[in-house]
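Dropping the structures in below, format is structure tokens.
You will see subunit A twice below: alongside subunit B first, and alongside subunit C after that.
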Partner chain A sequence: MLKLTCFPTFSHFAVDSHIIMSKRKARDAHLPVGECIKQVQQILRERFCERRLPDRLEGVEAQYKHLLELLRRTAIHGESNSVLIVGPRGAGKTTLLQCVLRDLQKEEKVQKNLLQVHLNGLLQTDDRIALKEITRQLHLENVVGDKVFGSFAENLAFLLEALKKGNRSSSCPVLFVLDEFDLFAHHKNQTLLYNLFDVSQSAQAPIAVVGVTCRLDVLELLEKRVKSRFSHRQIHLLSSLNFTQYLERVWTQLSLPDSFPDKKFAQEWNAGVKTLCEDKSVEEVLQRHFNSSKDFRSLHMLLMLCLSRVSVAKPTIKPADLLEASRMCFADTTANMLHGLSILELCLVIAMKHLNDVYEGEPFNLQMVHNEFKKFLHRKSNSMYNFEQPVVMKAFEHLQQLELIRPVDGSSAKVQREYQLMRLTLDHSQIMEALQKYPQCPTDIKQWAMSAFG
Partner chain B sequence: MEVLYHFFHRNLEELLKCIFRSLLVMFWCFEMTRFEILMPVCFSSFAISVEGLSKIIINTGQDIFIEGCDEDNPYVAKVTRLYGDGESYSHKLGFVQWFIRVSELPVNKLKLLGREPHPQEIFYYECRNCDNEVNVESILRPVKVKHLDSNDPFPDSADKDTLYVKLSWDSKVFRVVNSTVVESPAEPAPASSPPSCLKPSLPMSPSCSQSAATPRGPSRRTPANVEAESLHSATKLSASKCLSAKRRNATARTPGVRKRLELSSECLHKDFKMQPLCRTREQQGYIYISNTKSYHHFLTVSLIFLQISPGTPQTPRHATPSIPIRSLQTQQPANILEEARARLHVSSVPESLPCREQEFQDIYSFVESKIVDNTGGCMYISGVPGTGKTATVHEVIRCLQHAADMDEIPSFHFIEINGMKMTDPHQAYVQILQKLTGQKATPDHAAVLLEKRFSNLAPRKETIVLLVDELDLLWTRKQNVMYNLFEWPARRHARLVVLTIANTMDLPERIMINRVASRLGLTRMSFQPYSFKQLQEIIMSRLNKLKAFEEDALQLVSRKVAALSGDARRCLDICRRATEICEHSAADPSSTGLVGMSHVMEALNEMFSSAYITAIRCASTQEQLFLRAVITEFRRLGLEEATFQQVFVQHQALCRIEGLKPIGVSEGLAVCQRLGACRLLLLEPSHLGVLQRIRLNVSQDDIFYALKAD
Partner chain C sequence: MTALLQHPGYDEERLKGVAEKLPCREVQAGMLLSLMGQPHQYSYPSIFIYGHRASGKSHVMHVLMKELELSHATVSCVECVSIALLFEQVLLSFFGCDAASLLPRSPSLSDFVRVYRQQCSQSPAKQTRYIVMEKAELLRDTDASLLSALLRLQELVEDNVTVILLSEIAWDKFRPNTGCFEPLLLHFPDYSKSELQQILSQNVHPSYSAGFYSAYINILLGVFYSVCRDLRELRHLAALNFSKFCEPLAEGKVKETDTHKLWKHIEPHLKKAMQTVYLREVSSLQWEQMQQMEEEEAGALRGLSAHTHVELPYYSKFLLIAAYLASYNPARTDKRFFLKHHGKIRKTNFLKKNEKTSNHLLGPKPFPLDRLLAIFYSVVDSRVAPTASIFSQISSLVTLQLLAQVSHDDQLDAPKYKCAVSLDFICAIARTVNFDIVKYLYDFL
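Up next is the complex of A and B:
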């Protein structure tokens, strides 16, 4: 199933210092284990945290080529373009763009011929801020000298004039990268987008507008004039990855490059990774992850948790580590919170669950919950006593603070606290799971929880 | 505080003006109604007077200053005829022969002179198309104009009220001018002397001559020597009179003192403590250099009734911004496909605009007729995006400019504003003013200046053609921007042609209030979306016989685009993309090197197909299951909306059916959020947890189709 015989090369993965170090230590190839582990941690962590761009992108060659050609034409021919990169979160949109830019910068013709402006919809929340940022990144504020930047209107006129002055053959092309592109579409009148696209469709300074977004319906957000000016190029990053490729990816992500200083350690490590990937239980866990989500960011999260368990005493990743990491990834956080509740609070939650069952999800108030609880005490309980109303109220408020219950919209302030309507934000399965794991839970309470009605 | 003062200051002046004007009008009406003449009457002289100040008498043949935009350099002209018109001669008009100042000459023509112009030099203006009629109210005072022979040196004189004529200017060349044409026949009468000429130069009616003979009223005024009330306020007129005296000492130090500021400080300094400040600053010439914000504001406000003259020190204009120059030359297109791509880019300007001949002709004749007739007008152009509205107007202007250069029509000034390229509708004023005069002003100030410019008599003004793109963005609640834009062309002397462009055909009916819509008028034009034949022609004309496309491929693109939107931009973009695809597949031995059907089909698919179905196919197993769970729950509820909790129950059941391990709530929520981020689902804010409501953003059929195919 897996072609484990061909080892991929990772010539650029290691930092320069590593290469120098490897040359120096080539004679005495054996490093102490502690040093090796340190290096492994560093190399792999850089990979998982996406601090280092991969050498070569896998699975998106066509998109890579399209984008590279497009931006190269802007830089070399001065052709204005606009394009959107669309794909789900964690699909590698930014990585694709960064790789293209990195490779573009390597070309001599492009190097000094491309100005870049990076904007992010989460940072530049309106056009005023965006314009200031563009001016700053283009170093145009030097032109104005020490004059403090004027109004929004002046700023816009200034920038438009700057772009209008240019022409295709003589001015330097500008690349605009708009991260979270959909947020720019919510700016007033979409002034920024209109102007950028308008410049890209008229004989002014050559610009390339690259929008990055995860929304598939992004074109519907554009106003019709803005839409008409957009070139309608969209690069979709939708991975049609299958499980075999996914496993292969896990394996490449974990293996060490050839340039690793200690050859022997690297071989042992890679062999360890190979056996890990062939393990049945590991495959099951990875299959579950793959079913849940195909994006690599969540995979990196999982592998990072495994990696953190590697130490000098245990210099390989064992299947048990992966199982543990997977358990942590899939842990239900709200159910975990239930473990920390007092018995009274737990009883109230169970009472709410019964109320939900009886009234089919209608909201409840403290009084109803307390009554339900008292009914239970009256009928079955032998381990629990009744509590004073204020104590129950306190427990109820604690549950609200934890956001395990949430007031119904629009019923706040006016109503007395006991009668305020609430909803439970827990699923039945979560409550049952928490009860199973609750330390020393009284049996009668468990039975009460499991009984059908009250 | 200062700001407050200033508003008060301004209002007070306005008030004074109003009161004074109404007083004078009443006085004047009283005088004139006695004659009961309705025919135009010619006069040989006018006396301009303001109460409390001595009169100025204007005779025919005299040289005068006429109020213009620039307060320090008023227009110069010679009176050729004076007459009264209308009900009780309320219109007092004069015909003049214009002189032109050096500052009014086009900068690029100055080199024709071949020497440095003298600051007090003026030129005899011989141009047919200029308006010779002026309102008497705009006359400021007499001036001395002396003729010099072309070889004589200019006399050395500090007297600013004497101007010298050597040459004439007919908007193309300078010529030597005859002294008899220029020199005034008579020296202007001193202001205090009694009127010398009492008879109308052309007795047009007996009653008129009779009335001239009989002195009436205590003032013994005759229609030949009427007192014309001036549009200027009392303060202004007084200033224009005091000016010559005052200027001799004031201008010696600061050239180009602003008259009105001075006068306001003079007349109102008792009321306003700030005046001395303003004056001293003015005299030092430091007007613009100020750090305090309030003073700056004061200046902005005071500029409303100040006019900036080119002679005074101005704010240094913005250093013109520009994008840095590229270090390496652009590469020229190397092969046919690259060449085609360059030509098909929307930005490349074609030699001619095909398929819009009729519209072009209509707009051209409209604008041309307005320019030739020296009138104004509005036109409304509508059409969906990408139908060539702006391009056609630009083409029209280009042709008109060419015609103007060839002297077929009078020259004109073209200004373009775009509603989308401004941050606020009121910025329209600022941009128009800036493009018209280069001045910078706040929106309110700019509105006042423009209002003045378009309503006042402005001799020797070129017609202005104003293009307002994306008109609907100029909508404000009171619609005053639109109102002004359509009101100005209707003014008698505005000579403004406004071309407006927007997308919707019924915009005037939909968003404009009646008085705005009525001013816009009924000159409308709508651009229809291009038909497939037209689109084909557009591409063909752009390619210009370059053989890069197969016939069928072109037809496919144009038919497809015509069916969808008729947007020419779309059509060109698709063609451009098709050339790229063709280039990539060039390695294929079967390819002909031309862009064929398959390439165009691929480009069309890329641009028009929705990504939803692919996105669902590429989603993970749990995400697909969740979508199915949503549909199942919708079916069960009979509604198009469900909470996460409800869907999750279905999801658990589906997991069991599919033989997968049921997932936890946290994981389920994560799956749901991922689908929400792609907008396959529409979600409520995530803090609601399991209570958030879910809707589908794709049709159920699409989901079934996508999931069935595997």
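Up next is the complex of A and C:
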């Protein structure tokens, strides 16, 4: 794919670097292109998979300062706090928290003092599991060989006792991080949340509870007694960036750091990225992505697709790569699936579309669809598609398996298969578009689909 | 081919082997490899691969993993009836059986992640680990958080792990309502007709030439392509019918090059195969036996669905007939059909043909027990007492699934039923008791 055309640049580049290397007598190391590409892939992949924290956060300085100050007060002065970080998915909530924690850890006093407990609503699906996890992460005395003894009630009592005994000055502050906070609110009686917030309100051991969630209405999920104990401090991460900032972000995400071993390569790469960002067609594509979503994760996905097209033979990102990646991101998945249907299945879909048009979205069954199809065949007096009912039923069931049609009610066992009521999950435009793209679609079928009301 | 051969970090010889094993899927495999990157590099946390049945999703993954010797766990979600099995399998193939035994009796996701992390710190990943989940659509029916957690497993276990989901269903139908970490979507397009021809032509019968076999495949695709694009099904049909195709050759009637005569010979045979073998009416073994029996026509053997005749007691037959009439006739016409002196009913009023669709299109309607019994007494000639045996016959018809009870099981007074048999079936039943059912059906007046 595209590789041979780019080969000359590669050889030129290799020779170039070789000459310079001999000139400067290898003052700073020049690596072969393969090695450079490997490094680039390594660095950028870690960045896009969010395995490495950025050195500096952009656009959320105020929130960063707020959170850092809050957690420092807990860690150093022993204040109990609770805070919620709220923002849509992919807005950088976890990154913000991780950055704050990293910078907090740099202070020596904090490093010795602060205990951290990380919980995730996806993993700790009920309070019992969460409690076990807390005891484990705090390395409490009754934990022997990773086995927790005692019942839930005992465990909770023990933990609360341990927390209550402490006071502001003497005991170690504990930081609770609750990822997917809204899922914790679905636990029975919200016992865990109640107890955590209760400890944070009363003068017991200093704890900070940091909830991370993507639900804006998370406070409505809390019970009254829990809600009243929460400090109502919220940090919103609502993306307020405009398109120029977005472009800048693309640039910073793609560019190599100064610490890159081969300086020359890094410079050329960064220059290449700069010209890429200034390209008109690239800008258009990015504008389209920006319009559909501002979150960084979808941007990372796009850039990851671009990066995967970088190889030794083609050591830069070209606008064409970005265009191709964007095309992959925006591909209509349902249309892709419709493309692979057989003619018979497509005919059934068209018949369903006509039924939908005539009866205004009323559900249908196989008999009606087949009847509609037979009417078409009768009109055309074309015996090519004259299939028997069982063959049609097999096609119908395949459509159901692909979830292109959905049964109206779940009680499938009681009704015969041909009389089960179904609904089409495709809309008009999707069918027409699929029909245009369908390879070697017979003309009469196309016409039948175009004609209003069958 | 060239695209596959240029991935640094993998052995070139092996890549060549991979390319040979994946006909018509080089592009997809190449793309997948470039997304996966070099073995020690991070790959995207989750990749979702979708495409039709038998479009080579599992095959490509299997060949890549096996040939390149990547560390992987392949899990079929059909087999994993409980999530414990899933966790066990993943841990087993990454860390050996000691790790799997560390899981408690009924493990939660939290336990799995804990054990995984523990093991991972002991033997950190030098290469990306892959978890391949086949039939991923079944993950939606399990624990709600399982899918979301798997999609961000890389972050949760802090290891270089990538989850690859394979499914027939588009990603839109997977997304949980609070959102999740979006996977990379990768589409495996369906095979085109020429690609199918190319793949199917590969398994040539050793005693015939390649051209001959591909001519056969061409004919086969001509018959079946408009109905079925499933490679597996087509391959099965090709293997079954090939001996029939070679028959005139063995008899010495025609030469290999005489495609027209061969086509004339095989085409009706293939059409018959569509109605029988393709629908599994006749098993493959029976089909092969039928081909050997010269005198007996293919399809003369009764298939599965021909065995619809059920022997029923006399009253049960009438009960079933009554149920069919009650289901498919509107209640207002009962007077006209079943009362001897029904008074004046105007014919125009009775035959309201403004009802556009017939009941045989809409399906059976539910009816109360009283109506069933009333019709039963009027169609059966002799006087029948409403004994316990009549009622028990009704309930045994329900258990035979000839009737379906619509109302709740616990409702003793006025239960409602639906008739669940086809027109052919009821006609056959009615013939055995000399009852002309068509005369009593509103649709056929």
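In this section, the second predicted complex is superposed on the first by the 412 of 454 C-alpha atoms of A that agree within 3 Å, B and C clash if a C-alpha of one lies under 4 Å from a C-alpha of the other, contacts with A are read in each partner's own complex, and residues count from 1 in each chain.
The working rule: a contact is a pair of C-beta atoms (placed from the backbone, for glycine too) under 8 Å apart; a residue touches a chain by one contact, two chains touch by 3 or more.
This is a predicted model, so every value here is computed, not measured.
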item	value
First (subunit B), second (subunit C), both or neither touched by A:389	neither
A:89 touches, of subunit B and subunit C: first, second, both or neither?	both
Subunit B versus subunit C as contact partner of A:215, first or second or both or neither	both
Partner chain in contact with A:451 - subunit B first, subunit C second, else both or neither	neither
Subunit B versus subunit C as contact partner of A:202, first or second or both or neither	first
Partner chain(s) touched by A:173 [first = subunit B, second = subunit C, both, neither]	first
First, second, both or neither for A:79, with subunit B first and subunit C second	first
Subunit B versus subunit C as contact partner of A:344, first or second or both or neither	second
Touched partner set for A:165, first subunit B, second subunit C, both or neither	first
Common ground on subunit A, meaning residues reached by subunit C in one complex and by subunit B in the other	89, 214-215, 331, 333-334, 403
Parts of subunit A lying in touch with subunit B, wherever the complex brings them together	65-66, 69, 76-80, 86, 88-89, 109, 112-113, 115, 127, 138, 140, 143-145, 151-153, 156-163, 165-166, 168-174, 189, 191, 194-195, 198, 201-205, 214-217, 224-225, 227-229, 231-234, 236, 238-240, 288, 290-294, 330-335, 361, 403, 406, 423, 425-427, 429-430
Complex contact set, residues of subunit B against subunit A	318-331, 333, 338, 341-342, 345-349, 384-386, 420-424, 427, 430-431, 470, 473, 503, 567, 569-570, 573-574, 576-577, 580, 584, 606-607, 610-612, 614-615, 617-623, 645, 648, 652, 660-661, 663-667, 670-671, 674, 677-680, 688-691, 697
Complex contacts: residues of subunit A adjacent to subunit C	1, 3-4, 34, 37-38, 41-42, 45-46, 48-51, 89, 94, 120-125, 129, 132-133, 136, 182-183, 214-215, 297-298, 301, 304-305, 308-309, 311-313, 328-329, 331, 333-334, 336-337, 339-344, 365, 367-368, 371, 384-385, 387-388, 390-391, 394-395, 401-403, 414-416, 418-419, 439
Subunit A-touching residues of subunit C, taken from the complex the two chains share	2-3, 6-9, 27, 30-31, 34-35, 37-38, 41-45, 50-52, 55, 108-110, 113-114, 143, 145, 148-149, 152, 154-156, 168-173, 178-182, 184-185, 187, 189-190, 192, 225-229, 274-275, 278-279, 281, 305, 357, 360-364, 404-406, 418, 420, 422
